Structures are given as C-alpha cells and as structure tokens.
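Next, two complexes with chain A in common: one pairs it with chain B, the other with chain C.
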Partner chain A sequence: MISVALGLAYRQLTVLFKNPSLFLPPMLFPLMNFMSFAGGLSRLRHVPGFDFHSGYTAFTFVFVLLQSAAFGGVFAGFGIARDFEYGFARRLLVSAPQRSGLILGYALSALTRWAMIAIVLTTVALIGGMQVGGNGIDLFGMYALAMIFNIVGLLWACGVAMRFRSIQSGPLMQTPVFLLLFLSPVYVPLSLLTGWIHGVARVNPLTFLLEAGRGFIDGHPTQLAAAFGVSAALVVFFAFWARTGLARAERAG
Partner chain B sequence: MSVIAHQVALIAQRSLVRTARQPGVWIPPLTFPLILMAVNSNGLKAATHLPGFPTNSFLAFFVPFSFMQGALFASAIAGTDLARDVDTGFLNRLALTPVRGAALLIGQVGGAVGLGTIQAVVYLAVALLAGVHIVAGIGGAVLILLLAILVATGFGTLGLWIALRTGSGEGVQSTFPLLFFLLLISSMNLPRNLIEVNWFRDLATINPVSYMIEAMRSLVISGWDTQALVLGFGFALALIGISLLLSARQLKVRMSRT
Partner chain C sequence: MARSDKVSRDAGIEVIGLVRRFKDVEAVAGIDLTISPGEIYGFLGPNGAGKSTTVHMLTTLLPPSAGRATVAGFDVVKQGSKVRASIGAALQEAALDPFLTGREHLRLGASLHGIRGTERKQLIERLLERVGLTTAGDRKVRTYSGGMKRRLDLALALIHDPSILFLDEPTTGLDPQSRSALWTEVARLAREEGVTVFLTTQYLEEADVLADRVGIIDHGHIVAEGTPGDLKAQIGKSTVEVVPENHDELGRLRELLLRFGEETAARPGAFAVQLNGKGELPSVIRALDTESLRAAEINLHQPTLDDVFLAKTGRTLEGAEEQA
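Let's look at the complex of A and B:
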C-alpha cells in the first residue's frame, strides 16, 4: 500500500511541476484573498467588540490558511477526476495491488502541494507585518489543524471524483467547500455576527477549526477539544466517503 | 437593415442561443453572485458600525459587487465561446465568408450582453426584495441596470480579446483569477476613505473597477452623484472601447494566420 501511495504521489507531483497552469491557481488564490482581506478590511478591527490582540492580518491569515488547505485538497480532486476521464485511473486500478494506496497517494501529493502553498503564504504574511502571539507549539497546532483540513478537502473531492469520474464534477467538489468556508466567521469574530449567519456559523464545523486556529496564532488556545474532535470526525467520515467512492469506481471498471 | 447589422444580428443570435443551451454556463453566473451577496452582506454587517460608514445597510452597500462579479463571468463566457470557435476552426470558416470583423466581434459578445442583462435584472430584483432601498429612485434603478449591462459588455469584449490572443479556452479560464483580482483590490468591501492600509487604498484608487462599483453604489445609497456617475460610465465605456480596439487588432492577426 505504501509503495502504491508513494509511486502515485511522485507521479502527481511530477505532473504538477511540469504544468504551471495546474500549480499556480491554487497558489495565487489564497495570496489574492489574503491581500484583499488583510489590506482592504483591516479597519474592521476597530469595530466595537472586535477582540483579537494579534491584529487583523493574523486574524485573516488563519482563515486564508484553512481556505488554502481545503482548496488544495479540492484542486487535487480535479486531478483525480482528470485521471479517470483520460483512462489513466483505470490502469492504476488494474496495476495497484492495494487500491486504498491510491487514495493515500493522492492525499500525500495534495499535502505536499499544500505545504508549499502554506510556506509561501506564511512568508508573504510575515513580510506583510503579521504579528504572531503564539509560541512554536501553538503554531504547530495551527498548521496541524490546517493539514487535517487539507486531508478532509482531498477525501471529499476524491469521493466525488471517483463517483462521477469526470472533470465536470468540479463545481460539485468546490461549491460545498466554498459555502462551508464563507458560512463561518470569516471577517469578524463569531460574537460580532448577527442574524441568520450567526446561527449557521455557530454550528458550522469549520468555525471550531477557525476559532482554534485563531486562538493558536494569538497565543490563547481555545476550543481545542472541539476543533480536534471535529477534525477527527471529519477525517473518519470522509475517509469512508472516499473509500466507498473508490469501491464504486472499481465496480464501474 | 444594413448588411453589417444583419451580420451582427445573426452572430449575436448564435451567441445567445449557444449560451442559453448550456445551463452549466449561465446558472453559476446567475446564482453564485447572489449567494456571495447573501453571505458577505451578513458576514460584513459589523462594518456598518465603523465611524463614517455611509449607510446602515451593508446589503445596500454590497449590491454592486454582484453586478461586477456577473460581469466577470460574462468575460469568461464570451472568451471561452470564442476560444472554442478558434479551436474548432469555426473562425477559419467564418473568415471565408463576407462577414465583417466588426460584426463578428459585436455579435460574438451578444451572449455575454444577453446574460449580463438578465443577471442585472435578477440581481436588482433580489436586492429590492431583500429590502434594499434605492435612494435615486426608479431612474436610478434604470441607470444601475444600464451601467451593469455596459460593464458586462466591457468585460465580455475583454474576454474576446483574451480569447483571440490566447486561442484557447484554458487560456481564457486561467486569466479569470487575474480579472477577479481587480475586483478584490477595489473598494467593493469598504469605502476607499475607510481603507486604512495605504498600499491597498492606492491600488483601489487607481483601479477602474472601484469607480464602476462606486457609481452603482452612489445611486443605491446616496442618490444622484454626478462625479461618481461620470467616472463609472466613463470607465465602463473606455473599457468597451479599448477592448474592442484590442480585439479588432487581434482579430486581424488571428485571421491573417489562417
């Protein structure tokens, strides 16, 4: 299983590096969002009740980091769908002795790709003057949460791609993730949201990750049990989703 | 009807029918900006508590965003359609007919303009149903629609130029994030005087998209603001003119290659 996973991950990353058009959009989107939010909305920290010591850049960085993680997984899902559409995945199914290794391989490549995005994003944020209140352990916690979210995004997209086996399923992979992201406290803390969006954000699983991530970067960890509990539950659920998707692809031949 | 008008009508009809026949093309541009408007207008509501914020309804402030995002979709649609025509050789076959270049360009953007018109009406209707009050009244609403259609035409024409330049649908799609970036670095989320980061405020100030947004916004939240309207319409018309010029030049290059 490990050899299948490593072989596939190597192939995915090679394809990625040889095609800037596949590599650049997932890199540029979070950077553009970060610039837009941190640059254009920083005045929001003056809204009465906005209580975040590390500043608006750090506040928005955590959201963009999680967004990049989720979309890193989703963009990898496009690659899976493309592999099925072009028939490459069929050859993979035939040749892999342990097919679960395929999901692991796609996850490894998605993780590596996102790690590069996270490094660039973090560098840009630090150059842009982001204040970090948390210590090394806190930051490790924040990146761990984002890494888990990347895996969740990949497992979700993988399940969709293996069920539909067509790149046309792309919007189906993206839209729910996009909605989940933007139905969380993106621009201001949860306590400042009002109306229906407050009710939705309160039960949105991403809110726990976001609040915990912001707590980490601010040096005041919060909601850790809820965030890691939700993350673990999401991984288990979407691993099942991806594995049953693979089973469908196997049956379809 | 003059020959050129007839040619424009035929190509525009084809463009409109082609857009209408692909729900996957027109449903996202119609729904996605509305979803974002609903989510962001609530998510950013707290901004109305900032001293100097021009209205107490963030939804009213944010309405122009939908028109602009719809226009960007129009750009992608017009560009992708033309790129497909280049790719499939349809443009080459057209080159053998007496069709004029101007007719081809104006007609080709027809699908985007048609969709832009429907989008503008839907967005405005939804905003009114959601309780947005247009301070400039019915005349202002008509002007918002007109500007939204002009902006969609401008970005649609820009999409044509990109398609003619790149000759591929992928090329058009990959420029979409760059165009979206223009929207992101504009005054779409906050008035320029409330943007506190200098470099961002400077970028928003030299970004023509800010003025298109502010012209529509002025009609919704403050009434008739001549300066904002002149700038908004001016930049929209300039976008159409420059894009048409670039497209016409690129069309000559593309045709001469065939």
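Let's look at the complex of A and C:
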C-alpha cells in the first residue's frame, strides 16, 4: 500500500511542478484572502470585546491557514476527478495491487502541496508583521490541526470525485467547504457573533479547530480536546466516505 | 503480494459461467474459458460483443454479475490484489498522462508494484529499449504518436514481469510496421518467457497470426472456440474460382467445375465452386487442360476466420461491426 501511495504521490507532484496553472491558484487564493482580510478588516480589532493579544493579522492568519488546508484538499479532488474522466484512473486501478494506497497517495500529494502553500503563507504573514504569542509546541499544534483539516478536505473531495468520476463534480466538492468555512467565526471570535450565525457557528465543527488554532498562535491553547476529537472524528468519517467512494468507482469499472 | 514473491507462471485463466449485466443489458452472458499458461488466446468479436467487458472483469476493473473466474490461480473477486500483482494490462485506450514523460510513466508503474532503486532504473531502461522508446523516453507523452503510446502502454503492462498479459485491441489505429513489431514482441513474450496472453482484437489476421487458440464472442456468448486451423477446418472447404479466357465457354466451365464441388458465389464472368476435398486444385487444372478450356484467371480461396465468423453468427465481422 505504501508503494502505491508513494508512486502516486510522485506522479501527482511531478505533474504539479510541470504545470504552474495547477499550482498557482491554490497558492494565490489564500494569499489574496489573507491580505484582504488582514488589511481591510483590521479595524475589527477595535470592536468591544475583541480580545486577542497577538493582533488581527494572527487572528486572520489561522482562518486563512485552515481555509488553504481545506481548499488544498479540494483542489486535489479536482485532480482525482480529472483522472477518472480522462481514463488515467483506470490505469491506476488495474496496476495498483492495493487500491486503498491510491487514496493515501492522493492524500500525500495534497499534504505536500499544502505544506508549500503553508510555508509561503506563513512567510508572507511574518513579513507582514504577524505577531506570534505561542511557542514552538503551540505552533506545531496549530499546523497539525491545519494538516488534519487538509486531509479531511482531500478525503471529502476524493469521495465525491470517485462517486461522480467527472470534473463536473467540482462545485459539489467546493460548495460545502465554502459553507463550512464562512459559517464559522471568520472575522471576529465566536463570543462576538449574535443571532442565527452564532447558533450555527457554535455547532460548526470548524469552529473548534479555528478557536483552538487561534489559541495556539496566541499562546493560550484552548478547546484542545474538542478540536482534536472533532478532527479525529472527521478523518474517520471522511476516510470511510472516500473508501466507499473508491468501492463505487471499482463497481462502476 | 510482495515484490519478492515470484509470480507463478503455472496457472492460466479459468472462467466459469461469467456474466456481466448493465441494467437490462447482458453484455457477457455466461461464458466459460480455460486458457493454459503460456498460451496466446485470441478473443474475437465485433464492437459491443462483450470482449472488453470480459477483459475488465478478468483484470478486476469490473466485478462480474455472476459466475467465477480465476486469473493466475487467484479469484478475481476475492483476491483482486493478487490478481493485479500477477497481470499486466494494456487496455483499449492507452490511458496515459499527457504531462508525464515515458520514463516517468514507467517509474510510476514500477513504484505501484514496489520496484525501487537501481532495479527500477535498470528495468525502465531495459523496457524503453525493448519498445524502442529510449530516445523519446524524456519527452512528454502528449508529443507521442499513437504507435509510441501503444508501445509505452505495452512497456507499462510488462513493468512487473507479469505472468498473464491482457491486450485489449492493442493494434487498433497502428500503422502496419508498428503492428508487426507488436506482434513480434507478443509472440516472443509467450514463446520465450512463458507469458499467458489474452488478446482481444477485431482483426482476424491478428488472431490468425498470433493466437494458439481463438474464441469468438458475439452478443455476450462464445459461439466458437479452437485453434485457428481447427476452426477453419470445421467450416472450411477451399473455393476455386475460374475466369474463362473466352466468355462463351462459361457454360462448359460450369459443367466441368461442378464435378469438383458445389456452386458458390463468384464475380461476374467467373464461376466458382466450393471444393469437396483437399488437394483438388491440381485435379481442376488438369481437367481444364484436358477439356482445352483456357482460363484467364484461377483463384483459390482458403477459408478464413471471417468465414468461421460468418458460419457461426450468420454475419461477417465487418457486417457485425455495422450492426453493433
């Protein structure tokens, strides 16, 4: 299974590096979001009750990091759908002795691609004056959460791609992720949200990751058990979703 | 299956009552096959006859609706991973990534089967050389011709030294030179390396040249099976067609030829009979000479697999194509 995963990850990354058009959008999208949020909305830090010591740039950074992780996974799903639509997946299915390794391979490449985006994003944020209150362990926790969220995004998109086996399923991969992201406390902490959005954000699983991530960068880790518990549950659930998607693709031939 | 496990070449393909339905359509309607190790089996039939569906089931790309099949001794449903480790497949559409080079494709193929390091490197070079792609190995596949893609596809199918090779219409769209080169390589694999080859084709000549045995599938059923020679002998009697030099002598010619066989379709101005026995042609020529009947043209038509197809299905393979 590991051989299959490494082989496929190699192919995915080779194709990626040869095609800037595949690499640049997932890289630019979070950067532009970060710059517009951190710049244009920075006055939100003056809202009464906004209590985040590391500043608005760090506050926004965590959201954009998680967003880039989720969309990194979703963009990888586009590649899976393309492989099915153009027949390359058939080669993989007939050649890979352990087919579960294919999901792992796509996940490895998505993770590698996102890691590069995360490095660029972090560099830009630090250059832009982002303050980091947390120590190394805190930051490790924050990146670990984002990494898990990248895998969740990939597994979700993988399940969709393998069920529909067409790049036309792209919007279906993206839309729920958009909803999940923007129904979380994006611009202000959860405590400052009111009305229905507060009710929705309170039960949105991403809120736990976001709050924990912001706690990490601020140096005051919070809701860790909930965040990692939710992350683990999401991975298990979407791994099942992706595997059953693969089974569907296998049945379809 | 670990790479170190030597792939057994002691088992071929066994199929019992294999069925595949797509909603109301039965694409494969209960076929039985036994293919011995090292044998080249030609699977003939028009488009839509069930050839590719059979290949997809045997290569674990499609689960059967009913029946049982073992490939290299492994059940295609229960032991899919072992089947895939034992087979190589070059499917109808050479599914290649246009952004990867030939060498990168082979590297991917090798990695999928756990072949690494120096062994992988040497293997890739050997295969590129064998299929004549050494110089084109670093070019992106989107620049390859159809023939080059087919050859790369074959190399990919061979990357892990499989015991059974599935070739689904491997020469469709190839020029005669590439086709001939591929035939030579397939024959060599079977004769020298003992690889079992399951070859689907629409080209009767291909099956005739390559296959030890042929199965003809039509509407999901195997309608005939045997060696090309046996199949032709089953239905086959040679036909002799004579064009008289003097058209007025067509009546005399008719009388003479009917002594040697039954009348069969002939071109205008000619008369043809299906000969009753083997080796009758010299007798026909002697009789023409004795009767002083001068022939402008004498054609001997040996039975072909197309005649077999016609006899078994009531259609020619070409006609079946149009109906499919």
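By definition in this document, the second predicted complex is superposed on the first by the 253 of 253 C-alpha atoms of A that agree within 3 Å, B and C clash if a C-alpha of one lies under 4 Å from a C-alpha of the other, contacts with A are read in each partner's own complex, and residues count from 1 in each chain.
Following the convention adopted for this analysis, contacts are C-beta pairs under 8 Å (C-beta built on N, C-alpha and C of every residue); 3 or more make two chains touch, one makes a residue touch a chain.
Predicted model, so just to flag it, every value in this text is computed and none were measured.
*Asks:* Could you classify chain B and chain C on chain A, in the superposed arrangement, as clash or fit?
*Replies:* Here chain B and chain C can both sit on chain A without a clash.
*Asks:* Any idea whether chain B or chain C touches more of chain A?
*Replies:* B
*Asks:* Applying the touch criterion given at the start, work out whether A:T122 contacts chain B, chain C, both or neither, answering first, second, both or neither.
*Replies:* neither
*Asks:* Is A:Y10 contacted by the first partner chain B, the second partner chain C, both or neither?
*Replies:* The second partner, chain C, only.
*Asks:* Give one of first, second, both or neither to describe whether A:L193 is in contact with chain B, with chain C, with both, or with none.
*Replies:* Touch status of A:L193: first partner only.
*Asks:* Once the shared chain is lined up, is A:Q131 touching chain B (first), chain C (second), both, or neither of them?
*Replies:* In the superposition, A:Q131 touches no partner, neither chain B nor chain C.
*Asks:* Go through the superposed model and pick first if A:F182 touches only chain B, second if only chain C, both, or neither.
*Replies:* first
*Asks:* Output check: A:Q98 vs chain B and chain C. Expected answer is one of first, second, both, neither. What do you get?
*Replies:* In the superposition, A:Q98 contacts chain C only.
*Asks:* Does the superposition put A:L28 against chain B (first), chain C (second), both, or neither?
*Replies:* It touches chain B, and chain C stays clear.
*Asks:* Compute the least Cα distance separating chain B from chain C in the superposition and give it as a whole number of Å.
*Replies:* Distance of closest C-alpha approach: 17 Å.
*Asks:* Which chain A residues lie in the overlap of the chain B contact set and the chain C contact set?
*Replies:* Looking at chain A, the two contact sets are disjoint.
*Asks:* What does chain A use to touch chain B in their complex?
*Replies:* Listed in rising order, the residues are 21, 24-25, 28-29, 32-33, 35-36, 38-44, 46-50, 168, 171, 179, 182-183, 185-188, 192-197.
*Asks:* Provide the residue numbers of chain C that touch chain A in the complex, in ascending order.
*Replies:* 1, 56, 59-63, 80-82, 84-85, 87, 89, 91, 93, 95-97, 99-100, 104, 107-114, 116, 156
*Asks:* How about chain B: which of its residues touch chain A in the complex?
*Replies:* Interface residues on the chain B side: 24, 28, 35-36, 39-40, 42-47, 49-51, 170, 174, 177, 180-181, 184-185, 189-190, 194-197, 199-200, 203-204.
*Asks:* If we count contacts the way the header does, which residues on chain A are in touch with chain C in the complex?
*Replies:* Chain A residues touching chain C: 3-4, 6-8, 10-11, 14-15, 18-19, 86-99, 250-251, 253.
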